Amino acid sequence: MSRAFVKETFEALASQLADVGRHCYERGWALGTSGNFSAVVRKEPLTLAITTSGVDKGLLESRHIVAIDAHGRMLQGSGTPSAEAMLHLAIVRSRGAGAVLHTHSVWGTILSEATADGADSLTIEGYEMLKGLAGVDTHEHRERVPIVENTQNWTAAAPRIETILREHPEAHGFLIRGHGLYTWGKDLAEAKRQIEILEFLFEVMGRKRGLAWQL
Amino acid sequence: MSRAFVKETFEALASQLADVGRHCYERGWALGTSGNFSAVVRKEPLTLAITTSGVDKGLLESRHIVAIDAHGRMLQGSGTPSAEAMLHLAIVRSRGAGAVLHTHSVWGTILSEATADGADSLTIEGYEMLKGLAGVDTHEHRERVPIVENTQNWTAAAPRIETILREHPEAHGFLIRGHGLYTWGKDLAEAKRQIEILEFLFEVMGRKRGLAWQL
Amino acid sequence: MSRAFVKETFEALASQLADVGRHCYERGWALGTSGNFSAVVRKEPLTLAITTSGVDKGLLESRHIVAIDAHGRMLQGSGTPSAEAMLHLAIVRSRGAGAVLHTHSVWGTILSEATADGADSLTIEGYEMLKGLAGVDTHEHRERVPIVENTQNWTAAAPRIETILREHPEAHGFLIRGHGLYTWGKDLAEAKRQIEILEFLFEVMGRKRGLAWQL
Amino acid sequence: MSRAFVKETFEALASQLADVGRHCYERGWALGTSGNFSAVVRKEPLTLAITTSGVDKGLLESRHIVAIDAHGRMLQGSGTPSAEAMLHLAIVRSRGAGAVLHTHSVWGTILSEATADGADSLTIEGYEMLKGLAGVDTHEHRERVPIVENTQNWTAAAPRIETILREHPEAHGFLIRGHGLYTWGKDLAEAKRQIEILEFLFEVMGRKRGLAWQL
């Protein structure tokens, strides 16, 4: 890969990440500077385009995206990479993902706590929408979304996340308790599709719990 | 019909289908590449303009619409016609519809399961909004929305759908369990109006079930 | 009033009505061609600008607005005036209103039925938002919203509505059971403000009924 | 500060306040001319840019923003400063805030009443989103949002608000019962972020109360 090509790829991905970020903001999934979004610029050596900290996602632009290496060190751009950059890198490493998206939605937050009696996953099954997850070709699919405890030290917690990803090889995403959703894909389009699928299914499951016939 | 006229009609319908698709996406009824939309280009021999598979409906454009014949074979455009094309064709055949729309909404999904105790339809009655359904001119109307089981083989299931449509000659749409809504109209404007009417009424009925006075 | 001035006033109001209509559509209060909107062009002799029937409010433009006289006869424009034009005229007559707006929202529909045990009004009290209703200058206000039965013959029902308006001289709007809200104002801005206030308060009241502490 | 610089600062802030106001309107947090927004133009002598009364926030423009002094007297612009200007000034004084935002949301209104059994605050704890509040760097934070009684005389009530702000030195906002939310920040971006964080958390807490597992 020539330097010019890497630069061009970075710029294209930065612009697409900004679009996805503003879209998530519009849907209410990335309010108050929450959420962070990344895409792989090149695999060898690993270069990741990722949103910087503290940016209003409704105003997200290419210039808010930086490039980091496999250790989270800045390669390009200005600003501070997201505090959860180590989590993005762990997912890229474990899953061979081309893009990683992280949202904070109302229903994701609520469902991440709904199993606070100890369960460490949420099961979604029988919905046609599950087919929007990569490799799923029937509604007769059971998606188990791991729920991991929240922390403020993702550098220390990255190995724990890698263990969970290994233990759930078929998971398309995971929830952090009281925090939000991570999903990924081979590229940004796949990851964006999965965010929409999972957020939709969280809303379906959350609303169903409020209905009289569930009592 | 001259070839030039057919081409022109196809292009106009493709553009209108793209508008309707983006609109459904905005409302949250076609997230994650879900939903598919079609309109009849000509009746004899049947030519149907229909969305291709796997397209982000928020980015839907004319070029994502293809033309197929009565057997689902591609006549024009590139991409794969929706896997549910046979269902669209069955509806056009049974109802003489000029347009068929299919959405995946939160409330449609929830209500399609609300009768999982065996009932195979949802009854909506007494609402002014029912007058938005073709041929209904009073709120004193009882709409029975059939609920059919989901499948991944719509080619095989098409005859079953045609039977249900025959058994419910007055139905303006049907739900597929855990999946979503199909409705149709003499043209795209009528089908779009019915999508909005039915999705609105699903939301009313779904929300009512969550309220205290319903207990 | 010169003819040129009347024409100019009509055109300005038609454009403003189209803006208000598209806005209500965006909020989900006028889906599926539902809702209708009017404004007084001149009082003597009465000329009312009003939306025509069957128009998609998301696509509402000035050309979908017609002018009618006090008897509902067309003075200008093409299309069919709303079937509820007689109701608009009755409100203009009874209240001296400069604009009348009618929406079909999910919460308005639900609340209009919440008192189906016989009550014929909905009481809203103690909210700061009530100050958005004309003449209300404190949250310590009790708004009683009459609920009237639905009908398909508003020409025949107009006197009944005028009676209800006389019996509730302080009401800022009324609900039609299973149908929607009517409100009005001295001008379009006031009527639009009241639609937003009442729809907001309906949502507050509707959502509160679904919450656990209400049981 | 030169007069030219003050004028320039006022104009820049007026434009930013208009953006924030229209944004809050879009989210449904400032319907029906509700909500008001301010930012400090200079500290010595205090000059505050603030929205005028009765403006449709969906149409908010710079020209709807005026400048007032520490006593609420008009310095620049036309229109009536918000009736709650004294409350904005009290917050600026007590907290050294650079911007103050006030919204009327559905969930804020509902939660402000949810403790009507006497409690005078709402506690939010354990959510990642809390980190969007200034100075909070962990989800293991307990935010106590004071709830104050509503009034129509904020000039008289300003000392009461200052007392509450002194008693809750760590509070990032407060609710007025049946009315809405006040929050503030060192600048407009921080205040806007906090509005989004608090409104998001109100929605999470409100929706959770409607769910079956909470019963």
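As written, the chains take the letters A, B, C and D, and residue 1 is the first residue of each chain.
Just so it is clear, a residue touches a chain if its C-beta (ideal position, glycine included) is under 8 Å from a C-beta of that chain, and two chains touch if they have at least 3 such contacts.
Predicted model only: the values in this text are computed from it and were never measured.
Novice: Among all other chains, pick the one whose mean CA position is farthest from the mean CA position of chain A.
Specialist: C
Novice: Would the interface of chain A with chain B count as same or different, where same needs over half of all numbers used to appear in both copies?
Specialist: Counting shared over all numbers used gives less than one half: different.
Novice: Averaging over Cα atoms per chain, report the distance between chain C and chain D in Å.
Specialist: Whole-Å distance between the two chain centres: 31.
Novice: Could you put a whole-Å number on the gap between the CA centroids of chain A and chain C?
Specialist: Roughly 44 Å, centre to centre.
Novice: Specify, in ascending order, the residues of chain D that touch 2 or more different other chains.
Specialist: In chain D, the residues touching two or more other chains are 210-211, 215.
Novice: Which chains touch which?
Specialist: Pairs of chains that touch one another: A-B, A-D, B-C, C-D.
Novice: Could you list, by residue number, the parts of chain A that touch chain B in their complex?
Specialist: Result: residues 23, 126-129, 132, 137-139, 189, 192-194, 196-197, 199-200, 203-204, 207-208, 210-213, 215 of chain A touch chain B.
Novice: In the complex of these two chains, what residues of chain D are touching chain C?
Specialist: Residues in contact with chain C: 28, 31-34, 56, 58, 104, 106-107, 109-110, 113-114, 150, 152, 176, 178-180, 206, 209-211, 214-215.
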